[in-house]
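Following this line, the structures themselves.
Paired with chain B in one complex and with chain C in the other, chain A is shared by the two complexes that follow.
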Partner chain A sequence: MMETWWLALTFRLGYNTSLVTVGTMLLGAGAGMIGTFVLLRKRSLISDAVSHATLPGLALAFIIVGLIQGDGRWLPALLAGAALSAAFGLWAVQVISERTRLGEDAAIGAVLSTFFAFGVVLITVIQSMSVAGQAGLTGYLVGATAGMLAAEAQLIALCALGVLLAIVVMRRDFLLVCFDADFARTQGVATGRVDLAMLMLLMVVVVIGLKVTGLILIVALTIIPPVTARFWTDRPMRMVALAALLGALAGYLGVTLSSVTEGLPTGPLIVLAAFALFFVSMLFSSQRGVLAALLAYQRFRRRVHLRQGLLALARDEPIFDNLTLKILRRQGYLRRDGVPTLPGRAAARDAEHEERLWALYREREPEDALQQEHSGLTPIAEVLSPDAIMALEAELPPTAEVRG
Partner chain B sequence: MSDFMMFSLVPLVVAVIIGMTCALLGNFLVLRRQSLIGDAISHVALPGIVVSFILTGMLASTAMMLGAGVSALVTVAMIELIRRLGRVETSAAMGVTFTSLFALGVLLLEWHDATGVHLDVEHALYGNLESLIWFEGTGLAALFDPTALAGLPRQLPRVALVGVLVVAFVAVFRRHLVLGSFDPDFAASVRARPALVDLLLVSLVAVAAIAAFEAVGSIIVIAMFICPAAAARLMTDRLATQIAWSQGFAVLASVLGYVLAGYGPGWFGFDASLSAAGTIATLSGLILLAACVAGPRRHPAAA
Partner chain C sequence: MTQAPPISEEVAKSPLAIHGLTVSYAHHPVVHSVDFVTPPGSLTAIVGPNGAGKSTLLKAVLGITRRLTGEVRVFGEPVEAMSRHVAYVPQRSSVDWDFPATVIDVVTMGLFRDLHWWQLTRRHHRQRALESLSRVGMEAFADRQIGQLSGGQQQRVFLARALTQQAELTILDEPFAGVDAATEKAIVEVLKQLKREGRTLLCVHHDLATVRDYFDHVLLLNVRRIAAGPVDEVFTERNLQATYGGRLSAVQLARLLEPADVAHAGSGR
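Our next item is the complex of A and B:
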């Protein structure tokens, strides 16, 4: 089993499998890229409406082709039909959310359920007809790459490549519209047209993805990789590139896994691969990950405890908090019996001095102090210039008592 | 007549009850702009049912309901977790969650295909309203015959129970629901517990989706959650009137859809029938379309 997977991973499982793998990776990359822009535009779930809206077009194309040549399975016509009805669905979502008082969520839900239901009705029509290739139609629900023809795989790969190129060409306009549509308009960008182009590219990705992941799961490829990419970067162009990479990786893992045994569905495996990448990123991302956040919180807590402990030492106050005691001891500032060591005294004096400087600064320049980030922990030398600190120190009232 | 009693009465009643139940809850979902939570939950009923089947090894309805219920709760929890921990936007978090869980369900299903389960993806999506046959329903008299009534398909009492539950929930919590739908902050300030009511609403959406799922498939559920309520929203500005409209639309779509699906092709000389669930959902969409074109309150409020 592992051997078969390894063969698939290294593209040695026959020409067709390799072709499908490459096509799926291109598709994943395209979906990740366009999905990033749609996510930044906060319209992620619009792809859900698009994908469900493909079904009636698909079924109608199947009926028409079937009536003409007896077998409805002709990919180009099916994809064209799917694209037409998806475009119609998109238009409906747009019109409902703009012209009526209903929100975009209701528009998306209404369009996806109605279109899909109509598609189901058409499928029952097909079942009552004597057209060959009916079993192939259900493959569009959950995807089926097994038994895909070479010509079909080539078509998908070509379309995906075209989408990739189009996105690369239009990336600046997309970004401008995503972040500041008003500004984009002042720069002479036709925002309506850019939005339309974005949705059209999304539609193309969804339509060519039908055969690979099926119409319910293609949504995942346009949402999960961009969300995953968001964990790793704050720069939009990097996010787009990363989402493309993650999408391609998910496609690669999913397709190769599904070729291990007969009958493993491709779509779900691709989606689960994408989810695994997402999950790992959410936990372990260095910037926004759960683990990183926990670590940062721990670090912050230790700093607060250290600072408060030192201040308490400087003021000869007793310390009861166990964590504070532990941290002070580990730093070598406190002996086992609770008596401060020499370095401890020095550090405590510094902390006290620092605190007094901050207090004075806040008193003298309340407006400026408000502007500065000060959680009680930032060394004042990082915020103020040496001159300003000298001036403050000159104003400090002398400490009356000499602590031993 | 006996044909009608045997083949059509039960599906028709089930469709009407489910339509009305979902539309009732849908009013609040549409007002809260949470329409898509119904979409998400009806997708994840599949993995819940599959997992419960794998665990118990049978298609017992209680276990399936339980499984689907648990999966709905898991979904809500997962959406919240991803939203909070990952700082991801709600709709994106929803998209991540329900697609992944649905993928898991499909994978498990295909995996266990060899064991011969009477459960497949198409069935889960389309439902099978037509299979609810009442064999004992041979005539009007059967309506009063206890033994014949005992032979009613078990889906009927189940959806009826869920319907009663939903009506009771809305009746008891109507003030809280209304407050929370329009102004959650104010609701919190007068201790109307908007978070708790939210959770209850989502749970009931899950319960309704699951009960309907087995009988009519998930796609009609989503349509019924959204379309009648959205259409009603375009008819009036008053909530009570809106609910009344939505109920009317739901009944209209259910009855007309069922009749069209069953007898429509016959009128044109075709010897076939269409998917009842699909036709009902399509009709509800057409009603919404009509409301969008001509509803008296269709325009967005002037800001």
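Our next item is the complex of A and C:
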């Protein structure tokens, strides 16, 4: 088992499997990139409408090809049919949300279910027809890369590559429209056309993903990698690049896993791999992760306690809070019997001095002081230049008894 | 196409000449047949009550909202061909500040027209963006996530983005709405500086009390053009009453019209 997976991971499981792996990785990258822009445009759900709207076209193409040559399985025709009906579905969403009072989400819901229902009816019809390859159709629901022809894998890889290039060319237009469409228009960007291009690229990704992840799960590949990328960066183009990497990685892991044993479904494995990456990111991201947030909160809490404790020492006030006492003791600022140590006294003096500097700074430059993070808890030397601190110190009143 | 009518010299020289501009939302005109020729190098306020069509006028000029009728010319040419010379500072609330971008990312968007798709954003682009940021006093915030900014800082970032375009005409939509006093002062300073450089500014403004202090020209608007021209000539009791439909009290007016008192006057709403 593990050995087979290792062979697949290192591209040694035959030409076809390697080709499929590369094609899936390109698909994952394309899905991650276009998915990021669609997410930032706040239209993630539209990929759900696109994918479900492919089914009737797919089935109709199968019927037509089947009637002509006796076997309906001819990928180029199936994808063309899927693309046509997806485009029709997108158009329907557009018309409904523009011409009626329904929002885009309601329009998506209506179109998605209607198209899917029609597709399911057509598939039932196909089951009763006397054409070959009916069983292969279910592969388009959950994805099946086993037994994929080299020509099919090449078609998928080429289309994915085309999508990647188109996104690179249009990245700044996409970004501008996503962040501030009005401003984009003043820059001479035809926002309507950019939105259309975005949807068309999304459609291509969905259509070529049909054979790999299946139409129900392709949505996951356009949403999960971008959301995962968001955990790791605050910058737009990095988010796009990261989502591409994560999408490719999910595709790589999923498709190689599925080649381990006959009959493992590709789509679910890719989505599970994408989710695993998401889960790890959610826990361990250094900026927005759950653990990082917990740690940052604990650190901040300790700093507040330490500062309050030191100030209390400096002012000879009693300390009752157990955590404060514990932190002071652990720092070596306080003896077991509650008497401050020498370093403790020094630290308390420093804290008091710091506090007075901050108070003075806040009084003199309220605007600037507000702009500094953790106002009053960050060492003032990190916020102000040495000369500015000297100037403040010169202004400090000599006695400590200033505050009420 | 018919022969284009001859353009007067005033229109040919104006950074923004509007003629017969009408914008309507479903048979209801919100801006009706407005003519206005912006004098070159002026700092003009567009003033009027809520719902007077001030922002709509700007958006129609910029091509964001569709015009029903009318012509907009920049230095005598149709605005569509001249949009490179026009910078826009939208209202702060028009974007999602949770967007994954830092301050420098947003300001660099002002360079959109100078960057082709095969180009990367290089050091000299970043330098240009940083210069704009320092003009609004925000250079220290270049790498800050935009969601962490205060309202005033967000407004300054939008102004910096417009500055990087180095446009002849800058159009601002309520740049002082909901910003702190220090930011208001900083923005006014930048606007006056741009004016001294010979650039033209057009600004929707809601605070009547500061019109005399900040601006040299004014367009009084309430769906239709009520009056326009230099502040000293146009910013009069009669015109203001006409614009606000008699809704301004005598006390408010007295305060607005006595220049000596302006510095101490409160908000004019």
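Here is the rule we go by: the second predicted complex is superposed on the first by the 355 of 404 C-alpha atoms of A that agree within 3 Å, B and C clash if a C-alpha of one lies under 4 Å from a C-alpha of the other, contacts with A are read in each partner's own complex, and residues count from 1 in each chain.
Everything below uses one rule, namely that a contact is a pair of C-beta atoms (placed from the backbone, for glycine too) under 8 Å apart; a residue touches a chain by one contact, two chains touch by 3 or more.
Everything numeric in this text was worked out from a predicted model, so none of it was measured.
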Exercise. Of the two partner chains, chain B (first) and chain C (second), which one does A:128 touch, if any: first, second, both, or neither?
Worked result: first
For this session: Specify the partner with more touching residues on chain A, choosing between chain B and chain C.
Result: B
Exercise. Which partner does A:182 reach: the first (chain B), the second (chain C), both, or neither?
Worked result: second
Exercise. Which of the two partners, first being chain B and second being chain C, lies in contact with A:230: first, second, both, or neither?
Worked result: both
For this session: Could you tell me if A:141 is touching chain B, chain C, both of them or neither one (first, second, both, neither)?
Result: first
For this session: Figure out whether A:6 sits in contact with chain B (first) or chain C (second), or with both, or with neither.
Result: neither
Exercise. Which partner does A:284 reach: the first (chain B), the second (chain C), both, or neither?
Worked result: neither
For this session: For A:15, decide between first (touching chain B), second (touching chain C), both and neither.
Result: neither
For this session: Using the superposition on chain A described above, determine whether A:265 touches chain B (first), chain C (second), both, or neither.
Result: first
Exercise. Taking the contacts chain A makes with chain B in one complex and with chain C in the other, which residues are shared?
Worked result: 42, 230
Seminar exercise, completed: Within their complex, chain A touches chain C through residues 40, 42, 168-172, 175-176, 178-180, 182-183, 185-189, 230, 233-236, 239, 367, 370-371
Seminar exercise, completed: chain C residues touching chain A in their complex are 59, 62-64, 83-84, 86-88, 90, 94-96, 99-102, 105-106, 109, 112-113, 115, 117, 145, 150, 153, 161, 180, 182
Seminar exercise, completed: Per the touch rule, the chain B residues reaching chain A in their complex are 30, 33-36, 38-39, 43, 82, 85-89, 91-96, 99-100, 102-104, 106-107, 110-111, 113, 121-122, 125-126, 219-220, 222-223, 225-227, 230, 233-234, 261, 265, 270, 272-275, 277-282, 284-286, 288, 292, 295, 297-301
Seminar exercise, completed: Interface with chain B, chain A side, in the complex: residues 39, 42-45, 47-48, 95-96, 99-103, 105-106, 108-121, 123-125, 128, 138, 141-142, 216-217, 219-220, 223-224, 226-227, 230-231, 263-265, 267-269, 271-272, 274-275, 278, 282, 288, 290, 293
